[in-house]
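Scrolling down, you'll hit the structures one after another.
In the two complexes that follow, subunit A is the common piece, with subunit B as its partner first and subunit C second.
Take a look at the complex of A and B:
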């Protein structure tokens, strides 16, 4: 059983790797750009689900990290001319992480509705700062940036073409996503799950649950920040959308569509959301209306999301009893 | 006041819940390695006393001295790390996890596996060994892959004790560990408790008088928010006030 799941994991990994590497040869540039956007949003959604699905914390402010990443990378690239690609990414990640620590220290004692409302309030604050601090953020006009090249000692790698940026995104975000998956099996990842299951008992087992919540919050902020950084680099532009409450709602919808009960759910959700948006906005101006209807339908009739639907279909095909554990807990 | 071998002193502890006076000056001492039973009628405040010793609630006034140190009002996780551990009257484990994971959660905490981002919970041999030991001690080794919620009631209670032991405590507080068990189950459970708490200090809340008198070195009677009397099982059995206040009620 154990070995078979390892083998199938390896098979899936290889398949994704091969597909990811060969895809640029097979699809048009436009498709590749969409795919890049999906990868970026998939990370954003995965980070959100570590809060919602794994820790049971509903946040309405995840865009504050996404936006902080997007703005910081634009600001540092525009203000520090010789900054390298990775220099900009690392600097922006540091800023996002510190932001996570500061905001998280106000939130660590809270759960449930107070937590949700506080994240909403913080997001509103971040949004206000981004609109009003015109000299730094460009206000409503946003900030344009050029992607720096990647310098690897002996060679200069251009990041300007769509396939080049696709590969960079695929590799870096792919690795980070892989780590996020591994994280759910680590001691810290399991601590988060155990806290959702029974926080009181965790305290009586010696865990400082406030510290655990802070660590998780900073980590998910870090991941969302990385997604935001790539979002800005991808569009070569940061706008107020990146840090808006709309953006927090979008990631929430992606996760709900995909399902909170598994690691891959949010990835599926990001795919569906971005493709749907792309497809519908091509055929009608009223696309937000249609998407709204689809979401209402999903939440009412597919509450476990697409991944939940897929899992229960697989279970049914195999003729097995559906496992009701919410999130798979591994050894 | 403080004798060298007192591991715990409860000094003049008061507790009220927004006006409801539950504890009104509780005083008692527990010696190292003692088996100390706390008895008292329903609603006497026994669980509240445990909640205060284990850090769930702060006392309204008074103090708790553990190994000579005032620990009143400290958080549960701090007290757990100081090797105080308590069980719950109503089973309070991780229902969606299996038995092994339940126990390992407590064991790994003390082995650098609280917040580790790289190591998995099962990655330290010492942790796995301790977990297995505890499971064997409480008799759950056979069902270690079973989800907690799928256990029988007796097994759930055994798991409650296993989880309490998982932090390797020196002072163990058990809140009615045998509540709801049949006579035979109770007998088995008490044998097990006697075994697992050997060379440790135990405070146990228990309603079954046979159990109390066979297991405990010292018995304290909690009545109307304070300790009526503390003494050997013999003394308690023969005390008229106890008969009036408590043992009499048992009889009817």
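Take a look at the complex of A and C:
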């Protein structure tokens, strides 16, 4: 059984890898740009779901990490012209991780409503800093950047074209996403799940749940920060939108659409959200209104999200097959 | 010849015809101009009016035979006044529809982001209202052109009026972002230069979209200012005037944007308007023949007047069209070269595109708000005086622009 599961995973992995590598040859530049955006937001949504879906922590401030990543990479690229692509990414990731550690240390003892409100307050604080610290963040004007090229010693790889940046995003974020999936399978990942179900019991068993929560918070901050870094590098621009409550709402919407119950749910959510946004904004300027309606509909009628819907359909089909096989055997 | 052979000949002919026709057909494609404006939200009325000006200019151009024998198509882009939204939508148009020309009038933050985007994608961005001087100063770009006044020149014009009118106590109030800060710095610099006896009794910064001006108005009253100078626009100007009147503010207002019938209507009290002073690159009352022709044509077409933003957007778009005509081809690099040093005679006088920073040198019109107007039933701008472009000129060296 386990072997079958591994084979299935390997098949899916190979399929995604082959599709990801071959897609730029088959689609137009614009579609590729949309795909790059989906990958970036998929990571952001996955990071958010580790908090909401796995740990049961509703955060209204996840954009603070996304925005910190986006702003830091823009600032370091603009102020340190000799900085390499990976140098900028690593430096920005360090800042985001430290931010996660500092903010997390204030939040580790809280859950439920106080946690949600505190994350909202922290996001508002970060937003105010981005708006008011004009000399560094550009305030309302935002920051424009030019993507640095990748220098690998013997060769220089240009990141300016859309296909080149797509491949970089696909490889780096793909690997990080794979690690995030692995994280959910580790003892630490399982601890988070158990904490959600019965924290008191975990404490009795000798676990320090506060430390576990802090580790998770820092890890999700790291992931959201990386998504923010790639967001800024992709658009070559960052503004207060990246660190606003709106951005926290967007990622919540993605996760709700995709479903919190599985690892792939947020990825599906990000995909649907970005495509819907692209499609609807061509039709009407009031597209956020339609998104709002979808959000209400999903909460009321599809609480497990699209991934839940897909899983239940698969289960139903399997059940029918299983049943028909049983009938055949009986006959 | 068999039926099958005939079929293959027909398919081959169609293929060859397509190959031959493709470049010709493409040549007949319209020249697309993406208009980046806030078309929803608080500043929708501003964006709508700019867009009307651009669309009317496109209509006039098309009626005159188009540009290089092709129609001009205006594609509205709702920026929501957010630079990230503007660049995202513009990128889509560049990648999907091969749009090379963009224009916009609202939000210097949008202008800055669009300027960089245009440079990265070899496109051209034309502004007729994004007024932060830095856009053609420290942040200037080969791909960004501005065919209107900027914070420096517009502030200078009002500073000249203050310096000449003999007022000595002046207070400045601005929105707290790059546009407001740059406008304030330029005004103070010029007014001190022209008349050192003018005392700046206060510099107030409030957030854009402020709802309660009472604390600021009490500071204005307490300062004893005779003139309140402001580059505020939209609701921030309406509320400043309205709440100022209600709270007993007596100071005269010298503003960039009083030349706005929507604002005057929403203030709803002519006594709060009359006597104030405004300076702009376009107003309905400009006494030139070209302006009369423009107003007549627009009124005939739409049934209302091309006031303020419509006139600014129209003039700038016509100026861009002249550059495309001069270039003789739909090529951004050629249009940039053609536009540099080009002169255009429009409704508001003579525009000259300065090559060193792509800031058009345009005359500024200064007028006092009067009770009677032939355009509206309420108070409106009187007949303005022109200040020549050279009198408010900032030299290329002073702008800080280092064009690549």
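The rule we apply is simple: the second predicted complex is superposed on the first by the 319 of 331 C-alpha atoms of A that agree within 3 Å, B and C clash if a C-alpha of one lies under 4 Å from a C-alpha of the other, contacts with A are read in each partner's own complex, and residues count from 1 in each chain.
As a working rule, contacts are C-beta pairs under 8 Å (C-beta built on N, C-alpha and C of every residue); 3 or more make two chains touch, one makes a residue touch a chain.
What you are looking at is a predicted structure, and each value in this text was computed from that prediction instead of being measured.
K.L.:
Name the contact category of A:33: first (subunit B only), second (subunit C only), both, or neither.
P.N.:
In the superposition, A:33 touches subunit C alone.
K.L.:
Is A:315 in contact with subunit B, with subunit C, with both, or with neither (first, second, both, neither)?
P.N.:
neither
K.L.:
Could you say whether A:191 touches subunit B, subunit C, both of them, or neither, answering first, second, both or neither?
P.N.:
Once the two structures are laid over each other on A, A:191 reaches subunit B alone.
K.L.:
Using the superposition on chain A as set up above, list the residues of subunit A that contact both subunit B and subunit C.
P.N.:
After superposing on chain A, no subunit A residue contacts both subunit B and subunit C.
K.L.:
Which stretch or stretches of subunit A touch subunit C in the complex?
P.N.:
28-30, 33, 134, 139-142, 144, 146, 162, 235-239, 241-242, 278, 281, 285-286
K.L.:
Tell me, which parts of subunit A touch subunit B in their complex?
P.N.:
Answer in residue numbers: 183, 185-188, 190-191, 194, 197-198, 200-209, 211-212, 215, 325-326, 329, 331.
K.L.:
Using the touch definition from the top, list the residues of subunit C that touch subunit A in their complex.
P.N.:
Spelled out, the residues of subunit C in touch with subunit A are 39-40, 78, 82-85, 87-89, 91-92, 95-96, 108-109, 112-113, 116-117, 120, 177-178, 181, 208.
K.L.:
With touch defined as at the start, can you tell me which subunit B residues reach subunit A in the complex?
P.N.:
Listed in rising order, the residues of subunit B that touch subunit A are 54, 75-77, 80-81, 85-86, 92-97, 101, 105-106, 108-110, 113-122, 163, 166-167.
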